[in-house]
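Both complexes below contain chain A, partnered by chain B and then by chain C.
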Partner chain A sequence: MNEKNVIICRCEDVTLRDVIDAIRSGITDMESLKRKLQFGTGPCQGKTCIPLVEKVLARELGKKIGESGKITSRPPESPVPFGIFESSGEEK
Partner chain B sequence: MREISKHPVLSFERGKRIKFLFEGSPVTAYQGETVAMALYRNGIDVFSESPKLHRPRGMFCAIGKCSSCMMRVNGVPNVRTCILPVREGMTVERQKGLGEKPSKAVKYPPPVIREEKVAIVGSGPAGLSAAITLAENGVAPLIIEQNPRLGGQLIKQTHKFFGSERENAGKRGIDIASEMIESVKKAGVEFYLNSTAFGFYEGKTLGVFAENKLLKIRSKYFIFATGAAEKMIPFEGNDLPGVFGAGAAQTMMNVYGIKPGENVLMVGAGNVGLIVSYQMLQAGINVKAVIEAAPKIGGYFVHAAKIRRFGVPIYTSTTIKKAIGERRVEKAVIVSLNKKFEEIPGTEKALDVDTICLATGLIPSVSLLAQSGVRMKYVSALGGYVPLRNKYLRTSLPNVYVAGDITGIEEASTAILEGEIAAYSILSDMGKDVEKELSDAISELSELRSGPFGAKIVFGMKEVQYE
Partner chain C sequence: MKSKDVVIIGAGITGLSVAYYLSRNGVRNIAVIDKSFPGSGSTGRCGTGIRQQFTTREHIVLMRESVKLWREWETSLPLSVHFRQGGYLWLLETEKEVSNFEKYVKLQNLFGVESRIIDKYEAKQIVPDLDIESIAGASWCPTDGNAYPFDTVEALKLALKNYGTEINAFEEVVGIETRGGAVKSVITNKETYSTNLVIDAAGFGARKIAKMAGIDLPLKLYRHQIAVSEPVKVFLEPMIVKGELYFTQTYRGRIIGGTDLNEPETESLQSTERFLEKYATELLSVMPVLSSLNVMRQWAGFYVVSPDHHPILGGTPVSGFLVATGFSGHGFMLGPVIGKLMAMYVLHGIMYLPEANNLGLDRFKKGKLIEEKAVIG
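Our next item is the complex of A and B:
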């Protein structure tokens, strides 16, 4: 399999090769992997990629999913325009 | 070109024709469809170019979850076109990479705060049944739905439901959806469509992008009925336009009357893969093969028999190796697997297909819950991380309830019951006398799960249910 042709994170263009290389270089928890590769940080916030990375990591380490940490979910969970936060004043 | 002309079950009521601009040229659409559907109907597969590798991308999930369909609309980047209704004269452009900032400053109206008794996120079978139950008992909830229609995935289920003792058995999902939507409207339940819940703060406030502004919903109780998202699997070319979730293909066909392709490879022979394959045949689409990585078919025998009657081969112990194509799928390479799920060299076979559908499972959509610290556990039998809850469907936050696929991947009939249970639990907590209704719904649900196909769910539930 040409792992460079397998897309894990669409938003940030992270490939399966990138994920495997990072894990084999010694990065073995979800949060550090995310910081290194930036998957899950795009507009969709990891809806496709996080479960895929969890699987690859578990397989590479011979562990169960959930044993290598978890990505923290933060707002905005889906893409929304930032301008809505800028408008001043609050109405009832 | 991609319109379904004849269908044995559905008749498509298409809205009046309108025009919008795509890359500067006019495109004809039907009022009531989404931008992505209008483009796809007109033969446009590529919606964007990926940021670093410059790969062509199109839609994948078609229900606003995966964000693969994002484009630049009226000068604003990162708009999910699969859930955005078309408007006369709008301008739509392919997005390059992460998108450039809006061409001119957009001014949004000030935020609005709403105080509610019960807010329901999602209007699929679980959300609707919760809303109906609450309304019938004198509590008016507010529904938030990110798609342009109520009904969640029920609005595309053209097959008849099983379950001999259930009152809905023998009915088609689409008809159950119509009835539920009518009940919700009749009861005067308020709902926001095209509205994205993006943040859940301290279990008290829901941030929503609705009617072009920020809506802060402060509610005493919340019911999360956010459903699930389709799973992607790793294979070469897995992001090529023409690779769709099976559910996306179903949305295209059964909601919008659009053919996802002419020649299809279905990946996964669980119930979703089998049912969607059959629905493709009904829509006049050629299903070249159904493949399944496991050594046997996962779905019901009757569904498999139906597509075999059409001469569609089902290959078990087989997976997809590669999607090939320049701007869209032109071929798929499949490969046999041994008992350890390893590829057997030399067994590769190329299929002439323009579409690859993935029916490889669903993942509960729990991330909003996680933002408020609701306790979760990874349970493979339930599809992924799911919230811990008691039998009343209350999570680790006492005012936050869950119902439907967010609790674990099941089906519409169980989602409807879970919606009722969550609603009765809240009513009971409010001091209403609904103990009998609540316990009846709980026993009905466990009865529904008592069959062989419920065993996996019951097993998974033990991991996350507390007293």
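Our next item is the complex of A and C:
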């Protein structure tokens, strides 16, 4: 398997190779990995990539999934147009 | 027990920048300690903005110097911080506001900042998608801009790694030992560091840290919320400000911005729908074309606010215990200059910008507060 061809995060185009390289360079917690590689920050809100990276990180470190930190999920659950939140204009 | 020349508490932009300038100047036996990951505090949550349009000599001079250093960081750090001088376009609603800002611009020009007042048609030339109907004019500074917080943290981390300076993440400071009015050691949940020099750069935690050394910092924590959109092709480089609203687009294509809900002091970082309503309403009144753009994520962070909205820098009554905090919502843009000021202060015992001498903790005791009239993103 060529790790360069395995896409972990489709929104931000992050490959398995990128994840493994970052972990081996010494970044060993989920939040810091996210900041470095930016996976999980695209329109899908990390629904696919975060569990995958958790798995790779656990495997690389020989730990259990979830032992190296969890990523805080942010609202809204899925992207919503700004227009929906606009109030009628009375208060401003 | 480890022995260190300097212990820096907090790995936000402030702590990392102080460590960078100390390392660059030959001090290597440093520990930077953070209870979470570097950038996890306000630094990684901020609005990216870097401006020089302020209303006091202290802020204007420090920001002007910081912009110069941001430019240096972009070329001399081992990774790009994505510093971009897209300008700050400050929209003014009334003639009264315009005449106030004329005074600020005069002061800014006096200290070498190239801001100027423009009419609404010129504002529209700079940002064609603006709705200029309800504005009277704008204050414009083309050398203001923004940088990308996570990239800045990554670049500083790598610079420190190359110098061999250690960052101890996920380690919490729980005590400071003093003897005879001087710092002796820093105690964490993992280690004790014996040291004569501590720099409190702990942001939202700075007040608690100072208390451990017996010092009371007059700081309050206010929650500020912010949101980003889905990415779209970059079409907006300036930061736009109007009243409490501010927004720009990052190089990664997201519209990032926020507004102020004028909430009371809080320790909560919960994000609210009330914020999104106010933000979206203000945003769309300035730039209606964004109506169908999707909001992707919202979050919150702290403004660490001092009584006069200016930083608290330098020494304290405890010898060897220095502070760099209280940035009141402007600590990201100040990062480079604060790091350099504090490092030079440690090495030479003076603030190399005389204006920084007015920002000491003793000003509150002496009643020499600084007046700032334009506090916004």
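The rule we apply is simple: the second predicted complex is superposed on the first by the 85 of 92 C-alpha atoms of A that agree within 3 Å, B and C clash if a C-alpha of one lies under 4 Å from a C-alpha of the other, contacts with A are read in each partner's own complex, and residues count from 1 in each chain.
Please note the rule applied: a residue touches a chain if its C-beta (ideal position, glycine included) is under 8 Å from a C-beta of that chain, and two chains touch if they have at least 3 such contacts.
Keep in mind the model is a prediction, meaning the values are calculated, not measured.
**Q** So in the superposed three-chain picture, is A:6 touching just chain B, just chain C, both, or none of them (first/second/both/neither)?
**A** first
**Q** First (chain B), second (chain C), both or neither: which does A:43 touch?
**A** both
**Q** Look at the residues of chain A and decide whether chain B or chain C touches more of them.
**A** Counting residues of chain A touched by each partner, the higher count goes to B.
**Q** Could you say whether A:51 touches chain B, chain C, both of them, or neither, answering first, second, both or neither?
**A** first
**Q** For A:29, decide between first (touching chain B), second (touching chain C), both and neither.
**A** So A:29 only meets chain C here.
**Q** Considering only touches as defined above, state whether A:20 meets chain B (first), chain C (second), both or neither.
**A** Neither: A:20 stays clear of chain B and chain C.
**Q** So chain A touches chain B in one structure and chain C in the other; where do those two contact lists coincide?
**A** Residues 42-43, 45, 74-76, 79-81, 83-87, 89, 92 of chain A touch both chain B and chain C.
**Q** Flag every residue of chain B that touches chain A in the complex, lowest number first.
**A** Touching chain A from chain B are residues 50-53, 55, 57, 60, 64-68, 70, 76, 78-80, 98, 105-113, 146, 196-201, 207, 209, 213-214, 229, 231-239, 321-322, 363, 365, 367-368, 370-371, 377-378, 380, 384-385.
**Q** Over in the complex, which chain C residues touch chain A? Could you list them?
**A** Interface residues on the chain C side: 36-40, 44, 150, 153-154, 169-170, 229-231, 252, 271, 273, 276-285, 290-299.
**Q** Along chain A, where are the residues that touch chain B in the complex?
**A** Touch list, chain A to chain B: 1-2, 5-8, 10-13, 15-16, 42-48, 51-52, 56, 64-66, 70, 72-81, 83-92.
**Q** Mind pulling up the chain A residues that touch chain C in the complex?
**A** Touching chain C: residues 29, 31-32, 35-36, 38, 41-43, 45, 74-76, 79-87, 89, 92 of chain A.
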